[in-house]
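The chains carry the letters A, B and C, assigned in the order they are written, with residues numbered from 1 in each.
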Amino acid sequence: MLKILKVMAASLTLGLLSALSAHAAVSCGDNSGKPATGEPIIIGAITGKTGPDDFSNSTKSALAYFNCLNANGGIKGRPVKYLVEDDQWNPETAAQLAAKLVNDQKAVLMVGNSSYVECGANAEFYKKAGIEVIAGVGVPRECFFAQNYAPTNAGPRVSMLGAMGYALDKLNAKSVACIGPNIPNVGTWSCDGVVSLAKEKGFKAETILMDPGSADATSIILKAAASKPDVIVLGMSKGVAVPLLTAAEEQGLNQTITFLSAASAYDLSVPATIGPAWDGKFFVNMEFNDLQATTPDNQNWLAVMDKYGQKSDPRDTFAQAGYLAARIAEKALMTLDPKNITRETVSAAVRQVKGFQSDIFCAPWYFGDGQPRHNANSSTRMAVSEGGKWKVVSDCAPSPDPELKDVRAFEATMK
Amino acid sequence: MNAEAVPMTQPQHSMSDTIRRPTVAFPLLLIVLTMAIFSVAVAFLSNAFWLSACTSAVALSLSVTGLAVLYGQLGLVSLCQFALVGVGGWVALRIGHAYHPPFELSMLAGGVVAALVGLVFGIPALRLRGLYLALVTLMLAGTFQTIISAWGFPDGGPGFLGRADGAGRAMLARPSMATGATAYFLYVCAMATLGFVVMQWHKLAKPGRAWALIRKGETVAVASGVNVLTYKAWAFALSGFFAGIAGALLAGNVGQLDGRAFSAFESLNLFALTIVGGSYNWFGALIAGLLLRAVPALLTDLGIDGYVTIGIFGVALFHALATAPTGIAGQISALIARVGRLFSGREAA
Amino acid sequence: MNLLPFLISGLGIGAVYALSGVGLVILYRSTGVLNFAFGAIGALGAHVAWQLQQWQQPLAVAILAAVAVATAVSFLYGRVFAPLLSHRDTVVQAVGTVAPALFLIAVMGVIWGELPRRLQLPTDQMFLTLFGVRLTATRLIALALAILMVVAITLLLNRTRLGLDMRALANDRDLSAILGVRIRYTETAAWVITGVFAGLAGLLLADLVRLQGTFLTFLVIPAIAAAILGQLRSLTVTAIAGISVGVVEAALTPIDWVSSYRAAAPFVIALAAVMILGAMSITTLRDR
């Protein structure tokens, strides 16, 4: 009873805090309150809205920020015209839309892209066209191994290994089963990371790849549990992670094995969906700060969403990514002479971005000029499902992904 | 509905007794002319977005033309055509990345392998007909969906699957004579025209007559000395070949393909649009291709929600099925015939 | 590795394949329409049930509403739209049902989106342990329901006037019409029955697999595999085939080299069966 009261009191204060902060001042652009009226700057975005999952929250949030920016002086008087297209999870469509935005609409920059298929289809095209992409959420490997594509998120592999690191350090895991989708460059990539870390640190790891279109989750869970691992890490989208957890609960495995997941299952709806049986039993990696964090930039994000976004726009981790991408774009554009904003000048300015501070990130974000690949966000936090909500349980920790050696080496040269 | 289709080709047959050569040549020339006008018009009028959408549309219409022959001429239903497109694309990418031959060679390889696959699965299916054949091919499409989602398409990596897990994905080079978007569109149009002409020739010449006989009844065909098995198998092979070519052309458009785009439902969709486009006229395939790629592109361009687009598609599909048994192409050709009669009637008066 | 746990776990999905397969066959036998929208109709019902649960309605109301909605949609299509295509060949009639499938995907996408949802039934918490695997009551219900429905439909076909009419239609449509079988009435009845099947299968799939519109829509294809194995005629064989297909799919999980391809099991089994039956000419593979 006392515990319930405590929880209620805590949520009440939280509620009050967020209610108060909703009225907090919104900060964007020059904060002049004067709408920008100059010639628009065309910025494009491709997102996967219609399909197995809806990734468009990133661009919705970026749009809210650009609206805020345009209402506050824009880029030295020039507003941003933000064009968002839905690739419908089809690479062919993604390529058509990239041609439309870059060649037809003459976009100078892409911001907030979040798609499962777009990186693979368009990374080469962006490179040829000389346009830079400050993406929101990248998923497959291609998003992190392209010259002109820099996502703000950490990616499934880095995120999964962040979870793995937590399992090793805090949960004393000695053996693990990794469940990933059998889609090349996504599931194999993530689980290979776990296996190579296992070799490095000397723990037992097993990989189970599943067809996300398969109807039978119970068999996958039984197979994973057969090797009697201490922990099971999931690299599935939330749509597949939830049935896997359901199947595990059905088999009573939530009582014997701890489950962790990459950030793909970090969605506000998940703890309530999987229910109280998973309280303290399901950990998830977070690529960004807690969604309800009371830190200034996170509060600014929520305030921007309230004032310039739609009420129905989800306030989730994808939205944080889009907000950050828009802010980084703003920072780059502000360094330019407003009369000379072309694809070349914008690309040059974006490549120079470094030391971008936000409390939503664990570490300052940088583009990494001249690097063949980009993965600036590589320190993550962990949260656990509790009482229908996520509870943050760890501070920022660098992901132990062995593949990040080149990124770490570059970061060392920047200091 | 099948009866309605036959008269369209019959007048040409009856005329062919007197003047044979021009009757076969004229419809073929008409195809070339129409395609030339279409492709030049699109190339001049469209921007990069539309050019890309139309390239996909024309490439896919090549795969529809195979389906249309199977269904329109033989009454056979294949629900794995999109899977064969995938097979052709896979082989073209595999060969292209492994040996870097001219694009045409990779494309031909894709076509030939898809034809073989179509044939291998077609032969046992030759005994089946109607819905049974359709469902067997749907099972094939389902199997392909599972395999391709696990394999993915080759993108320049090592090994049998050719997956580039270590480095960035490589793109399939376009033909050296058509590297630009407009040039490639025209290239695809030329290939499609070639395909349409070959198919139309088949319909007008000996194979078409054999197919018509088989359709009337296999006993009739056998009695007339037609080798039923060969002609049926040939139709399957031809249909598979063009599906494979379409896959290679699609791969050339984007530079790569994605396994998730080749689900069994896509094959079902392709067949549905073949009927809607019209399987008795050569340009039905072009219409189906445009419906498959250009219409969704239009709706996307208008900013319509993806789900609403799917819904509109569903409604339109049913409407077309219910109101136009010979498809849109059938309606157009009926219209042309009516206009033609009007004019000739006036001249006579 | 011990196969037994996987065999047990495959029973649940297998039962739903069986239920869906039987629902497809009963409609096909009576009307000649293979319903590709079967999964979508069930998914719509399951979404309605989920929504009612969110609105704190009792479980019984949610289940009844799901089945009612699925039946109503099926009735609507069968009564209003299917007759528009009834004079065309079977393939066109089947392809026609792709239209409502697409339309329902759109409806579900616009209203509910693609968020992962979980439809929970109280029976998920009850289980009995067999060979170290928990078999939940929901799975047992699915199994029982599949058997029950086959028995009920068989009785209907053999003992009632409607069943007689349905069998007559399945044999020869034109002859039945001449003999005074009320074709429209009988066909509509078949659409209603298949709607009930779709609603129940949708509910169970949403609980056992996941509640996601497009995903559930496409699950009709493995159910068709079961129907093919029953040669689109036999309800009992279809039901047995459905359960076996589910069990085989699950049993392939521990075998590493086929594990990633196991989703193809229903299709490969159906293909093999058709080839073998065709080659041995045991049966007349024909349309209706």
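Basically, a contact is a pair of C-beta atoms (placed from the backbone, for glycine too) under 8 Å apart; a residue touches a chain by one contact, two chains touch by 3 or more.
Keep in mind the model is a prediction, meaning the values are calculated, not measured.
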(request) Write down the pair of chains with the top C-beta contact pair count. (result) B-C
(request) Quick one: point me to the chain whose Cα centre is farthest from that of chain C. (result) A
(request) Would you mind pulling out the distance in Å between where the CA atoms of chain B average out and where those of chain C do? (result) 32
(request) Between chain A and chain C, tell me the centre distance in angstrom, where each centre is the average of that chain's C-alpha atoms. (result) 38
(request) Hunt down the residues of chain C that sit against at least two other chains at once, touch-wise. (result) 109, 218, 222, 260-261, 263
(request) Identify all positions of chain A at which a residue touches two or more other chains, and write them in rising order. (result) 50-51, 182, 209, 211, 213
(message) Show the residues in chain B shared as contacts by 2 or more other chains, in ascending order.
(response) 145-146, 150, 305-307, 309-310
(message) Considering only the defined contacts, which chain A positions touch chain C in the complex?
(response) 50-54, 182, 208-211, 213-220, 222-223, 226, 238-243, 246, 250-252, 267, 269-270, 273-275
(request) Spell out the residues on chain B that touch chain A in their complex, using ranges where they run on. (result) 47-49, 51-53, 56, 145-146, 149-152, 155, 161, 163, 165, 167-169, 171, 181, 250, 253-261, 293, 296-297, 300-301, 305-307, 309-310
(message) Touching residues of chain C toward chain A in the complex: what are they?
(response) 1-2, 5-6, 9-10, 12-13, 109, 113-118, 120, 124, 127, 133-134, 136, 205, 208-210, 212, 214-215, 218-219, 222, 246, 249-250, 253-254, 259-263
(message) Help me check something: in the complex, which residues belonging to chain B touch chain C?
(response) 1, 75, 77, 124, 127-132, 134-136, 138-140, 142-143, 145-147, 150, 263-265, 268-269, 271-272, 275, 305-315, 317-318, 321-322, 325
(request) In the complex, go through chain A and note every residue touching chain B. (result) 49-51, 85-86, 88-93, 95-97, 99-100, 102-104, 117, 120-121, 123-124, 141-142, 145-146, 182-185, 188-189, 209, 211, 213
